Each structure stands twice: as structure tokens, then as C-alpha cells.
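Below you'll find a set of structures to go through.
Each of the next two complexes has subunit A plus one other chain: subunit B in the first, subunit C in the second.
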Partner chain A sequence: MLDSFLLEAIAQALVNGVISGTILAVPAIGFSAIFAVLNYPNFAIGALATIGAYGGWVANTVLGWPMEVSLIAAFAAAALAGVLVEWVAVRPLDKAGALMMAIASLAAAIVLENAVRFVWGNGLRGYDLPMLRDVFFGPIRVGPQQIENFGIAVGAMGGLWAFLALTPLGRAMRAVADNPDLARLRGVDPVRIAAITVAIGAGLAGMGGMLVGLDTSIDPLTGPRLVLAIFAAAVLGGLGSIPGAVVGALVIGMVEELTVLLIAPSYRSVVGFVVILMVLTVRPAGLFGARA
Partner chain B sequence: MTPPIGRRTLAGLLALPSLARAQTAATGPIRLGTLTPLTGAGGPYGPVMAACVRAVVEQVNGAGGVLGRQVQLFSEDDQTNPEAGVRAARKLIDVDRVAAIMGTWASSVTTAVAPLCWENRVFLTTVSGADSITLLPHNGWLVRTQPNTTLQGRKFGEFAIEQGARRIFVMMPQTPFTQSQFAAMKIAAERGGGTAELLIYDATKPSLRTEVDQALRFRPDVIVAGGYTPDTSVLLRDIFRASYRGKILAFAYSVNQAMLGAIPNEVTEGVMTLAPSPAEGSGAYARVQRLANSPSPDPYTCQIYDHVTLVLMAMAKGGDATGQAVRDNVRLVSQGAGEAVDNAVDGLRAIAAGRAVNYDGASGPCDFNEVGDILDTKFRYEQVRGGSLALIRIA
Partner chain C sequence: MTAYLVFLLVIGGIYALLAQSLALAWGMTGLVNLGLAGFFAIGAYASAMLVKWGGVPLPVGLVAAVVAGAVAGLVVTGATLRLRDDYLAIVTLGFAEAVRIIASNEIWLTGGTDGISGIPGGVPRDWGPAFHVTWLVGVSALVLLVWFALRRLAASPWGRALRAIREDQVVAAVAGKPVARMKAEAFAIAAGIAALAGALYGHYGSYIAPELFAPLVTIYVFLAVTAGGNGRPSGAVLGAYLLIGFLEATRFAAELVPGVSALQAAALREASVGVALILLLHLRPQGILPERNQKAPVA
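Right after this comes the complex of A and B.
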């Protein structure tokens, strides 16, 4: 029988996992949205998360904006960088197929990462935020910043859902994702929709980068460290599925934390690889099929 | 059918790089390489290290070079990553044809690069600490100026016990020195009546909360945060959030001024750091202060200053600008009876005049044993107070 000590530890790990999974879900949604509409995996998502984190950092510490407004700056900076990557590096290769576009996005990621390094150096940067100790709910502890980040992540996902479900532009995006030819026949401009999707996807990645940074610090590798987990979450949920990305991120978050507890902390990164391997072997379409 | 390239032609072609190396070794500029981390976890140190070597080379060239030849420097980035390190080392060896590679920082990089060096008769100098490095079958083709991790681990353990610790929890990422360093800490802790436990974490994760929970279950009175700067900053934040009130020890290379500027003071307040100490007050140290334009240059910059000085003097001593000459002569200029020198220009002048020299470096005496480990060094103990490092002692 499991003793209460272990049960408490598991409960704490699950809470940690839900929180880290929710934050991971934000860039994972961005990744999946881009895949749904443009049909290629954008591996610049990690570097875009870094761009967002630094954009938010400039807004927060240099311009003195409050954290919530800085998150919008993070979104905007990453969205702009994402559209630039799309136009300059990826779009010119669209005739060469998804693999070439994915490779172009990888190359763009290296350029972006080193551009950040060139401007801000390798050192750590921290946001201008008070450092708070965790609050306890019985035996479970949660950080106030984590709760806030959790709320922001849920809010961002809710906003995206409302946008996709309730606005004409959102419906047009879903239409292109479902059937681009049919959408074109109905008068939807695929180039415009692609640009908007990339802006939203990259913006969400940027926001995710800043949310991670709020809880820790940022450096040029903040985003690239997340890429494996983001990709694993998207593959698990089903590439191109937005609800799938959310569920995938939550599962990855929780399984990683349980791995620390039940196997060994140094195997955390293995979770992403094992999940990708298992999904591709057993159910390549992922949990939620191929499309949102 | 005759193959397009015969076996002899092929053998001849394969031999070309070494022929070319032999030719450039005898004429033209002397070629040296730095392989430091310009990016990745070691990124804060590598650029300063490479700049220091460049400054020494400029001084030496200004004073007439070595053996009447100018010195040409090639600097590559190992990205604090073994794969990138090997690619960069290959470029330095095969394309730039350097006689020595200086400054590899992360132990994983040095471990990967060392065999390439000895196979190609290129001398390697490193600041990495993993014990396993000097135990490699390098046959004299490398030296290091960083004390090995067993010695560092023992110092950590003894310092923790001295702080009154009985239950020491060590948190480290996976590195080539994690196990050996922890083993040395544990022996020192147990000798002092304490006990020690190790947790190896994944350094790429943005949160280490569950790992910190594991640590706190051990009820430690000292936590040793044994990672590099990015992961240690995550770890220290999570330790703070968990309301841990005991003592924290860390490596000075991770809890550095860059980290202290990036995370709130309350997180790092009271953290004690330990590092091999440069030879403050020595002539060579004063020269590094001027070259690096810093009142307190980091230990690695001091060490690489010693590397380039020793390499150049060993070449002069051997009368040959090859890796072989450095290998055969490095101990003849680093230790033993001879005129004490603290810089390359004076040392080269003394050697040219036929005098024996004994280099006294910026990182310490720079005397090496037969496997390339230094024989003696001091350690620097500091504590974070109000966001700055305050010296406890050097011993």
C-alpha cells in the first residue's frame, strides 16, 4: 500500500505538472496552429519563445511596463519575428515541401538565437518582479507567481478559443486548416490567413517564453530548451490539433514530474522522446487525430 | 577494372594533411588555437578567455614573436557542447593546423576533444576539472590548471562540515565529474561525522520544484547546488520558494556576478561559494588584471593566460613550434630551478638568452605532475551578501 508520504509527494508532483504543463501548452498551441494551417512543423518555435521572453523583458525592465502589459509586448515581438521568419526563410521554400520548410525554420531558429546573443549577450536576465515564497494548501505548496502564470495561460487559451470559434477570421483559419482548397473557393485569402496564423502561433510561443521566464530567468537558450517538450506535446495531442496540444502539454508536464519522483530526475528529458516514439509507433495521428 | 584512384594515390592523398602540417610547422607563422565556450553555459567566460590569449599573442608578436616567427591565433567556439567542440577542434586541427589548443572549459568538451588532440600530436591545455580527464591515455599531450574535482569535492565536504552541517544534500546535473565529486564530498562529510545524499537533475528544465521537494524530504542542513549558472538560478529560486532556511553552498563559477544581477537578492542571500583561487597578488595576476581590464579577473581567464604563456615558452625552450615540442618541454619551463618569470615576453627573452625559467602563473605556481594535474592551488571562499560576493577567506 502507498503510504501517505508518497501520496502527498505524488499529489505535489501532479500539481507541479499541471502548472508547468499549462505554461507549456501556450507555445504548444502556437506550434500546432501553425502546423494545422501551413502543414509544416515550425522548429523556430523555441527561438520565437526566446524572442518573446526578451521582448517582454525589455518592456518590463527597460521601459518599466507592468508584467501584464509586457506579456502583450512579448506576444507582439514574437509575432513580428515569426512573420519575418515565415516570409524571409520559410515561404520561399514552400514548393520544396514540408521537410525543407521545417529545415528552414531550424536554420532561422539558429539565426534568431544568435541575434539575441549578439544584442543581449549570454548572461541571465531577470524580470522586475518580487520574489514570493510558496503558499501552502494543506500539504501541497504552490507559488503565487505560478498561480498567476497558470491564470494567464488559461486566459490566453480561452482567448484563442473565443477567437477561433466566434470571429470570422478565426472561422476562416479553421476553414483553411480543414480544407485549404474549399476555403479558397469560398473567397478566403490563404496568404493572409497564413500570415495571421503565424503571427498568432509565434505570439503564443513568445508569451510562453515569457511565462517560463517569469518563473525562472531568461537567457538565449530559454526557448530552445522547451522545443522537445513542445514538439512532444503537439505529437501526443495530434499534430495540428489545438485541444490536443493542451492535453498533450498537460500529460507531458505531469509525466515529467512523476518521472522525477518515481524513476530519477535525470530522466526527465527522456519523457519527451519516449512519448514521441510511442505515439508514432502506436497511434501516429496522436490523441486527437489530425485536425482541430 | 582499374579503380579511379589507386591505393597508393589514396594513401598519398591521405598523408597530405600531415605533410602540410609538417611544412607549416617549420615555416610561416606559429599557429595556436583557443577552444573556449563563446555560447552555452560557459558563454560568460569564453569570450574573455579568448580575448586574453589574443592580448598575450599581440604582446609576444610586438616583442618579435617566438623563434623569430610571428604567432597566429585561431579562436573557435565549443558552445559548451561536446559535439560542437569536436567539430571546432577538427577545424582547428585539420584546417588551421594549430600546434596547441587552449582553454577547453566544460569537462564533457575536453573529454571529447582530448583524443583528437593526442592522435594529431596537438597539445591541449584545459581548465576542466573532471578527474577522468587526466586519467585518459593522453601520454603527456595535455595539462590542466584547474584542480581536479576530487580535490574540489573534498573541499566542499570539509567546508560544509565546518559550517556545522550533518545532513548534506547535493544537487548536480549529469556531468563527467558528478559521481567523483560527490564521492569525495561524501567521504569528507562522513569523516566529519555527517552524511551526504546525491540527486542528479536534468539541467534543461525550466522548473526543479519536484527535485527540491525530494531534497527537502532528506531534511538537509546544507544543500550543495552543484550546477552551472542557468540551472543553478532555477534551482536557487525553487529552493527559496520552498521556504528552505538552511545553508546553501555552490560553485563560484555558477553563482557569479552575472547571476547575482539577474535574480532577486533574497534568493541568493547567504549562499556560500567555493572556487580554486587565482594567485592574487602575484605578478602574473596583476598582468591579467590589466589585460582583462578587470580588478578581479575570473579564474579561467587567469588559467588561459598561463596556458598561452607556457605553450609559447615551451616552444621556445624546445626550439620547435610543434605540439611535440610543447609536450616535451612544458615542465621544463613551468617548474624546477630557474629564473622566476610571470609573462611570456620576459620568459621568451630569458630562454633566448639560454637561461632556465620557472613560470609563476596567474592561477597559481603551475607545477604539474606526470599526468598533467597541478600540484598545488588555493581555494577562495565567498558569501553572497546583499547581491554581492564578500570574501570569507582564501586558503
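Right after this comes the complex of A and C.
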């Protein structure tokens, strides 16, 4: 009796973990993609997720757009903010090295976070969503909204894959990530590719911020609360590897949900930090990474 | 007014310790510590708990804080010092966040989000102005002590090797320097200094809570060190006092902006810190007191 109860709890946690991990993969891909092409960790990723969450919220509640269309607004708002941060704060420092760029991105994150706070305050904001009854698969319970978010996250990743694999621009991006010098010799404009990468990476972060917010509510710290899990997913998968970020995010999602069975839910994000330390001790290149 | 100035100078001294910690790790060794707020917190909690609940004298608490900070520094960096520098940035940023979450949740140990209040101040608080002046003398003496020690270290063979590591690890390793060990030593000492600052902060202010150790503290210190000059302890100290002046100036400036709420004014102040840091990184990354080239010793 107790055993079946425990098994059900574990199964439920794994299902929740797959869903939250898939959603986490969206901003984690964004972080890893920027790292792969521009070679620095963009610490504005959390603030960009917040920007996306608020951009989508304005579209959804102020303009009255449906949730699915608002996600595009979330992507666009964060992409715009990301490119702005890159051009104004980060790129002029590229001669000073990756660490200076990382520090500048962190400073930019403070500015973005407070811009959101200035306009919308610290209060919680909710999206305009229909109330739906949870769906049961045997003993496993899932919200329809979660299923839709899961589907959207998978769709966004599929779209990104198609872009990277099938379009010339996507191929150029992968070429720059792989070997910038060789890509330049072949006539790929690194500045243009960098701008597009930042737009896509930041846009994905923004979508991720909104997808996470759809489950509960949003506030100026929605994004920053995600960063430990994003870093953990990216490091676990291997910094700069996009398939790695997806696998890393799924693992982090499931481990987070499983630990909630054992310890207080507020420790969820500490899980990410512990995973980072363990990965860097045992296999610093991560699961899929080539360099460390 | 004098009381206010004394208070600011004590806080400035605490930031001068934090800034010197960063100058050692970042400026001299090239290790970006984005988790300064975490080490600041560890020192504050270690000493506050020992002195308040353990009843040990304040100096013992301070020493314990330094040890706790240094040990935490070794644990956090143990896995990353052989890797690319970006990993250290990610790990330290995560570390500060983890410390804050643990401090918020282990209520039996840290008081949770309520924090710890009534932390002993070493000398009686009802001395009034004399209490603050005593603290000003004590903190300033520690700033001077750390400044002197770091200057000596910077001029020593150890300090030269650290700068060599900062400029090029591979060359330093080829020259026979134990790169990973020296980085760990520098980072641990720096973490200990940050923890000392945290301990002083708790005892002086009598109250600590997780929210006081937000990532913004780390940004403050980066701003201070970038302003003053990150390669020299003198630059870091100067930058810290300038930082306090800047923060107070923004307090008054934010009040002058018409038609904004208190929350909006606070948001403007925080944003101005980020803007100032970006501007400094772009316009004068070497700071007011740039690093000086050292003459090679006469053989």
C-alpha cells in the first residue's frame, strides 16, 4: 500500500519534472546559444526572461491577445532588450575579454530588472487564462495549461532545430560557434550572426520566462529565480551545447521535482547549485560539451 | 550630521574591506568573484551566531568568520579553478544565491527571513556617539591593516606570481608556478576578507537578514573597485568610500525626481548603480588609481 503510494508520488514527480524541464530548456538553450557564438556567459539572461514575461503579460492582459500570440510578444520584447544590452553594454567591451562582458551583462541585468520594477512595481501579476480542470492519466494528474506549455516549449525547440539545421542563416550560426575564424574566411559576417544569436537567445529566455509565469504569476524576480536552474542545465549539458542544454534541463527538472519529495520545496533552486558543483568536479565539460 | 558622517565612514570601511577582497581576487589574480555577497553573508552569520548564542568574545567571532569564509572559498572554487574563468563566475554567482536560500529557510539556525537581531556590538550601544566612534576607529584600523598586508603581498614573489597567472596562466605554469594552488590561496584569503567585512557589518548594525546579502551588494563592490582601480588595494579603498558617497548622492537625487513613488525612486537608484558600472567599464576600466608597473628587483 505504502509502496504504491510512493511509486505514484515518484511517477507524478517525474511527469512534473519532464514538463518543467522542457520549459526550462527554452531559456537554457538561449543561454547556451549565446555562450556558443559570443563566447561569454550572458548574466542578463534572468532579467531578459523577466522582460519577456512582462512583454507577454502586456500583450495578454492589456492588449487582450490570446496567450499563444502573447508568447510571440514575449519573444520579441526580450529579443529587443537582449540586442540592446549587447550593443550598448556588452559588445564595446569585446577587446577586454569574456569576463568584462559577463560583468557588464550582470550590470545590465540590474538596469533591466529595475526598469520593470519602475513601471510595474513589485506586485504579482497574473495572465488572463481560462480556468481548466486537471486531467488524470491513471493516478497521474496534469493541468491542461501545463500540457499546452509543454507542447509550446517542444514546438519552439523544434522550430529552433529546423532553423539551425535547414536554413543558411542557421548553418552560418553553427559555423561561427564551431570555428569563428573559418566561418569568417567563408564570408560569414560575425557581427550579424552575433546579433541574430543574441536576439534568438534572449527571445527564448523571454518565452521561457512567460511559460514559467503562466503556471503561477510573475514579478520582477521571475527571471532571476530561474538563473540557477538555467546555469545548471547549461553546465550539465556542456556550456555552449544546445542538445546538451535540453538534456541538462530535463535532468534538472526531474531532479528538482524528486528532491521536493525529500526536502522543503524552497530548496529546489539549491539543487541546481549542487548539480553545478558536482558536474564541474566530475566531468567539467558536461554531458555533451567539447571544452572546459 | 557628524553622527551621520561617522556612520557612513564605518559602512564605507566595511565596503573598503569587501573592495580589497575583490581587488585581490579579481584585480590581482584575475578571478571573478560574483559571489561576494555570499561570503559577506557567511561571515556575518558565523560571527553573529557565535557571539550572540555561543557567548564568545567579538574578536573570536571575527576570526571564526574569516576562517569560515576562507573554507567556503576553498570548497566553492575547488572544482573550478582548473577550468575556464567563466565557470568560476557561474559557480560564485550560484553560490551567493544558494547561501541566501539556505539562510532564508534554515529558520532554526539563521532565523529565516526574519534574520538575527540584537547581535552584540562589542562595546555597549548606549555609549551613543562614543559607540560609533569606537567602531569607526576599529573598522578603519582593520581597513588599514588589510591594505598594508595586501600591499606587502602584492610586492612579494607570491604577488608577482599571482599577476603572472592573471596575465597568462600557461606561461605561469610553464615557469613552474603551481597555478591552481596559488589561485586557491588567493581566492580563499579574499573570501576570508569578505567574511570579515560581513562579521563587522552584523555586529555594527546589530541585525542581519538574507535580504541584506542580495546580489546587488556584489554589484556595489564591483562598482567600487572599478571606480578606484582594481589592480591596487589603494584604488579599492578609495573606490569604496566613493561608492558610499555615490549611493548617498543618489538617495538625495532620487528624492528630487518629481512624481515618483518611493519604490520607483529605489528602482531608479538601483538602476543608476548598473548604469554607472557599465559606463566605468567602458570609459575608464583602469579606475582612478591605475595599477603601476613594478620595477624588476635588482638582481
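The working rule: the second predicted complex is superposed on the first by the 281 of 292 C-alpha atoms of A that agree within 3 Å, B and C clash if a C-alpha of one lies under 4 Å from a C-alpha of the other, contacts with A are read in each partner's own complex, and residues count from 1 in each chain.
Here is the rule we go by: a contact is a pair of C-beta atoms (placed from the backbone, for glycine too) under 8 Å apart; a residue touches a chain by one contact, two chains touch by 3 or more.
Because the structure is predicted, anything quoted here is derived from the model rather than measured.
Trainee: Based on the superposition on subunit A, does the combination of subunit B and subunit C result in a clash or a fit?
Mentor: Aligned on subunit A, subunit C clashes with subunit B.
Trainee: Examine A:Pro92 and indicate which partner it touches, taking first as subunit B and second as subunit C; both and neither are also allowed.
Mentor: After superposition on chain A, A:Pro92 lies in contact with subunit C alone.
Trainee: Which partner chains sit in contact with A:Asp134 here, subunit B, subunit C, both or neither? Use first/second/both/neither.
Mentor: Once the two structures are laid over each other on A, A:Asp134 reaches subunit B alone.
Trainee: For A:Asp215 in the superposed arrangement: first (subunit B), second (subunit C), both or neither?
Mentor: first
Trainee: Check whether A:Ala115 is in contact with subunit B, with subunit C, with both or with neither, and answer first, second, both or neither.
Mentor: In the superposition, A:Ala115 contacts subunit C only.
Trainee: Is A:Val154 contacted by the first partner subunit B, the second partner subunit C, both or neither?
Mentor: The answer is neither, since A:Val154 touches no partner chain.
Trainee: Give one of first, second, both or neither to describe whether A:Ala264 is in contact with subunit B, with subunit C, with both, or with none.
Mentor: In the superposition, A:Ala264 contacts both subunit B and subunit C.
Trainee: Touching A:Leu80, do we find subunit B (first), subunit C (second), both, or neither?
Mentor: neither
Trainee: After lining up the shared chain so the two structures overlap, which partner does A:Leu287 touch, if you call subunit B first and subunit C second: first, second, both or neither?
Mentor: After superposition on chain A, A:Leu287 lies in contact with neither partner.
Trainee: Going by the clash criterion at the top, which of the stretches 4-12, 40-48 or 238-246 from subunit C hits subunit B after superposition?
Mentor: After superposing on chain A, the stretch of subunit C hitting subunit B is 4-12.
Trainee: Which residues form the common part of the subunit A surface touched by subunit B and by subunit C?
Mentor: Of subunit A, residues 114, 117, 121-122, 264, 266-267, 269 contact subunit B in one complex and subunit C in the other.
Trainee: So in the complex, the part of subunit B that touches subunit A is made up of which residues?
Mentor: Against subunit A, subunit B makes touches at 38-40, 43-44, 173-174, 199-202, 204-211, 213-214, 217, 229-230, 233-234, 237, 240-243, 258-259, 261-264, 266-267.
Trainee: Spell out the part of subunit A that touches subunit C in their complex, as residue ranges.
Mentor: My answer: residues 35, 40-41, 43, 88-89, 92-93, 96, 98-100, 102-104, 106-111, 113-115, 117-118, 121-122, 224, 227-228, 231-232, 235, 239, 264, 266-267, 269-270, 272-274, 276-277, 280-281, 284, 291-292.
Trainee: For subunit C, which residues count as touching subunit A in their complex?
Mentor: 30, 32, 34, 76, 78-80, 82-87, 89-91, 93-95, 97-98, 101-102, 104-105, 215-216, 219, 222, 260, 263-264, 266-268, 270-271, 273-275, 277-278, 281-282, 285
Trainee: Which subunit A residues qualify as touching subunit B in the complex?
Mentor: Against subunit B, the touching part of subunit A is residues 9, 12-13, 16, 20, 114, 117, 121-126, 129-134, 141, 143, 212, 215-217, 219-222, 225-226, 256-257, 260-261, 264-269.
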